[in-house]
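For clarity, chains are labelled A, B, C and D in written order, and residue numbers in each chain start from 1.
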Amino acid sequence: MFLYEHEGKEIFQKYGIPIPPNGVAYSVEEALNIAKKIGYPVVIKPQILGGRRGKAGAIRFAENDDELINNAQELLSMDIRGEKVKRVLVEKKVNIAHEYYISFLMDFYERKPIVMFSTEGGIEIEEVARTKPEAISKRYIPLEYGMTSFIAMEMLNDVGIKGQEARKFIPIFINLWKAFSEGDLLLAEINPLVKTVEGEVIAVDARVMVDDNAEFRQKWIREFKERRGGKESLEYKAKEKGISLVVLEGDIGVIGNGAGLTMATVDLVKEFGGEPADFLDIGGGAGPERVFEAIKSIIQLPNIKVIIMNIFGGITRCDLVAKGILEALSKLDLKIPLVVRLTGTNEKEGRAILEKAGIKAYTDMIEAVKKAVELSKGGE
Amino acid sequence: MGVLINKDTKVVVQGITGKEGSFHTKLMLEYGTKIVAGVTPGKGGMEVHGVPVYDSIKDAMKEHDIDASIIFVPAKFAYDAAMEAIYNELNPIVIITEGIPIWTTLKLVTEARKRGVNIIGPNCPGIIIPGEIKIGIMPGHTFKPGNVAVISRSGTLTYEISKLLSDNDLGQSVVIGIGGDPVKGLTIPEALKLLEQDPLTKKIVIIGEIGGVEEEKAAELIKNGEITKPVVAYIAGKHATLRTGVSFGHAGAIILGEMGRPESKIRAFNEAGVPVARLPIEVIDYLKQS
Amino acid sequence: MFLYEHEGKEIFQKYGIPIPPNGVAYSVEEALNIAKKIGYPVVIKPQILGGRRGKAGAIRFAENDDELINNAQELLSMDIRGEKVKRVLVEKKVNIAHEYYISFLMDFYERKPIVMFSTEGGIEIEEVARTKPEAISKRYIPLEYGMTSFIAMEMLNDVGIKGQEARKFIPIFINLWKAFSEGDLLLAEINPLVKTVEGEVIAVDARVMVDDNAEFRQKWIREFKERRGGKESLEYKAKEKGISLVVLEGDIGVIGNGAGLTMATVDLVKEFGGEPADFLDIGGGAGPERVFEAIKSIIQLPNIKVIIMNIFGGITRCDLVAKGILEALSKLDLKIPLVVRLTGTNEKEGRAILEKAGIKAYTDMIEAVKKAVELSKGGE
Amino acid sequence: MGVLINKDTKVVVQGITGKEGSFHTKLMLEYGTKIVAGVTPGKGGMEVHGVPVYDSIKDAMKEHDIDASIIFVPAKFAYDAAMEAIYNELNPIVIITEGIPIWTTLKLVTEARKRGVNIIGPNCPGIIIPGEIKIGIMPGHTFKPGNVAVISRSGTLTYEISKLLSDNDLGQSVVIGIGGDPVKGLTIPEALKLLEQDPLTKKIVIIGEIGGVEEEKAAELIKNGEITKPVVAYIAGKHATLRTGVSFGHAGAIILGEMGRPESKIRAFNEAGVPVARLPIEVIDYLKQS
């Protein structure tokens, strides 16, 4: 799960990484109050999960109340690459002397945490890697000992930062590593990391990704999720039921068992010209309840025209899936067609249950997907 | 004979007294797997489907020869269970458990490598040599003996494609579900190297997914000539790049930056001369042609 | 530094290891109040740093106020192997079903932490090792991963404790390891670890040793030291000045630079028939202040008759030592003779300073020690 | 030639800008030691007694060949400094710093062994090859070249006995002050093995102390015949068993249980045929007799 900038900064602050004074506003009034409290000039930044706000012209400055009101109003009615802006971060503007970059991330393939530092901050690190690779220092962190200040010093020396100047950055390396390794983070990026005219080193942005699976030992993940609203909440509620849901933008509801099979189903929908409305994996060994909840979630999506349910019974038993479908049909007001593909463990029993209720289930997934796409386009 | 396991491999089930552990112990026994002991700390002395249960692997090993382990314990306790298997140098260790935090897997895999032990998984269906032995949770009847090996990052998609293989007279020498997590034990490239050495395997199917760089690294091996057997690939999630940064069920489907996009994988395979099936059924066509 | 039983139990409690309700009493009245609060029957245990209180007949029980008063009175006026009893621990008596043993300690030579568990508690572990070795299970702890519950389970299984019964002990292993490894402990021993008739597992004794060098990161060490009084406080104050002092029982004050040389001086004093009153190492590179403080500490010892100061200048400079001696002679009311042996770095300068003040310094340490012993016996 | 070091060994001083570090850099330079660089994080660019200072060893190594390190930083920062030297695989690493917690030393020594690097110390006077090189803080004029090696757990007692040796025409091939802490890098047995191989060493003096089992382990090696050169021992603290459980300056003098008592050490040496001097001067007599 990616965190909003302000959430990431909360974590940074907890680990002793300096951030500018700030506050989150859901309305222009709130933004104004925050600005008055922290004092002008301020930066106003929309809180969205996608990046590249700067390129979208969505980072604004304000020197006084009027500028603040205008900009906050505009930002709070924006839609950036499909993501509606619901809140902005109002933050004290810092006097930038230079912008740096630092990140910790997990190299999944090498199975090692990695740290990157660059003297070229404020732009995308990929671009620096392309145009000025000597400005980047990169190191794997030995798992047994973690980040140590001498590794930080070596990296700083490698990009030409030395002496007392270098020492200023070391606490950032150490504290960001602590946040990263103790918080089950997969990415902790500060871009830009700013050295101010006054000589302080401050995190001006925060891009943080946390491992959802660590929720059982990172209690704050749940708190953050609960604080969030909107689109995520349907996905969040689904997860509570053991269902993995990602909302997409199309009109064909996709339900599958297993991530791979569900992804393959999404792919096939696109392959045959349809538009998937979601990715929904009921997980392994689902019973009737989870199937019921899955259908219930999907019919809440706005543009939904048809549902394709693709089940290959392994641990999951087809008869239990069929029972869940019948329950959904009887209890939910299902106004759209449901195309079912059912095969694998207890297939016979499952089909029998569905047939009694007058539902025909496909064996072949291609046929089923084709049918669903056809129905989404108004076919019969 | 066999990749990693064979019909004589003796297996301990960790978490045998749980719902999943008990259920699949029964299915594995029915498939012919030699489950010699179960372990659940605190349940030593019980029996599950005739299999004696111990408190610890060490205690079980006082009574039985044990080669390999399969782990069903909940994510919260998986670190301890896997570490126990690693310390006792069981090999392979199949971790079925899903939802293990990545930092935990990282530590497990690091320790396993230090000790020369193979971990399969976590969050995987396990490994099966059709007709001989199953250390996993896949539906046994879907598979048939033969000489096509399958390496897969997906669960149900493996069954889907294996069933297509079986229905089309393409039996399997071994099917390895390496699991969907981004950090895992056995990876596609490592599995490929094992299969290259396996005399029973003539052709190989790779079922990949978006995210990660395993497919790209595998393509590299093939391009280098380190893998000489014919390989066919399928990549799930070709149209899943719509929203980056959202977990697609498997954390493995996380797209971090530019890496792991499906186009990158497909390009790499194509450059290595590996055909990539657009539809699952095309896997059969490509195999027959190769 | 060894901890008192009640100090060790404080640490245990912090790490979630169950201990009986208890309180520390410095007087009979305090003991009575504690007993009334926790309820009879109680155990009364003198708090001393040496072991074997049981063998000394110093562990007492009380069923009522009268018994408590009698026993507390007696214990609080006791002297156990030279250690005066200043406080007692009054503790709720538990219903013992069985006594076990557990300890974590540091194997200095193998450079590894070790854990020992035995089904035979309440007696010395060395005795169990001799008479019933199969009742002891012993394991090195891998530093990278620490104590894990499966290692605990294996050890319990090895001494015949299985199933649900075994699970009861696992938290003790895990929590005691945490206390041991996070607290910079060198020994953490529970003997006996008691299983009560009610089925609980409780630490009834605590023998804990902490690494004094870790004081900079274990703030509680200082707190404990400050809470302690009496004999230790002279040693404590000395340590504050960078001086390592151990008070012994004789009448010859020994001051040296370096632990080895100081120990060798103590040895020589004994060798020639004298009785050392202390071991005092002024440490490396000591200046006049430390020499002054050293002499000041020693003259506070009760039976002191003579001081032998043995200095081999290395990092330590003889001239600075000489200055410290002069300062002591002028500012302190030194009623006893001071025998000085001075050689090494800046020896000439040091001797010159002392000679001006009419002090003769020896070059040979044997001669100097012999002289000190002679003086202690009333010689001239 | 030489044990662990020789006259060409190039040394970095970690903590060179501190009082002790700077003072001893001067003395080592005067003794002829090749101090090529100093390191103090944050002080890169300075000079100390003509030695250039860097922020990190890695940065220093860009400009200089460096073989070994001597560490003077305060205990609180010693972990980081030593780890830096270990990672850069300097060898040996002499840790002068006293007061390092045992758990910290444990981690350092474990990592050093993994990387095949020797640590001398902590809390030690260092190592000297008289007339050639000194990586340490011992008073240089006390030592004379010769063929008696000294291994010592003590500081000043080493000088005391080395002076006796020098005054009695028994020069030293090498003097290693391994330090007084209970957990340390190089131990007496390990040092003995190195000296057995050293052609310049004909006889060996061990200066032991109460506490620990190094002396007993050393006696075992000698008894086994692994060490064939004549050995003489002195044990400090013979009368220090009066109160157990009290630190005698060096934590090394802690007596844990029955282990490490002086009688045990003296008995072990005697059984191995090693004479144990009662008075320091007796070391000379025994050496001359051997």
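Just so it is clear, a contact is a pair of C-beta atoms (placed from the backbone, for glycine too) under 8 Å apart; a residue touches a chain by one contact, two chains touch by 3 or more.
What you see is a predicted model, and the numbers here were worked out from it, not measured in a lab.
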*Go through B-C and C-D and name the pair with more C-beta contacts between its chains.*
C-D
*Any idea how many Å lie between the Cα centroids of chain B and chain C?*
56
*asked:* Can you work out the whole-Å distance between the CA centroids of chain B and chain D?
replied: 52
*Distance between the centres, which are taken as Cα means, of chain B and chain A, whole angstrom*: 27
*chain B, residues touching no fewer than two other chains*: 107
*Hunt down the residues of chain A that sit against at least two other chains at once, touch-wise.*
144
*What pattern do the touching chains form: line, ring, star, complete or other?*
ring
*Which of the chains touch, listed as pairs?*
A-B, A-D, B-C, C-D
*Name, in rising order, each residue of chain A that touches chain B in their complex.*
1-2, 49-50, 105-106, 108-109, 111-113, 126, 143, 181, 184, 186-187, 209, 211-214, 216-217, 244, 246, 248-249, 256-264, 266-271, 276, 279, 281, 283-285, 312-316, 343-345, 365-366
*Complex contact set, residues of chain B against chain C*: 41-45, 54-59, 80-81, 83-84, 87, 107, 111
*Quick one: in the complex, what on chain B touches chain A?*
20, 24, 75-76, 98-103, 106-107, 109-110, 125, 137-139, 142, 152-160, 163, 180, 182-183, 187, 207, 209-210, 212-214, 217, 234, 236-240, 242-254, 256-258, 278-281
_List the residues on chain A that touch chain D in their complex, please._
144-145, 148-151, 153-154, 156-158, 162-164, 166-167, 170
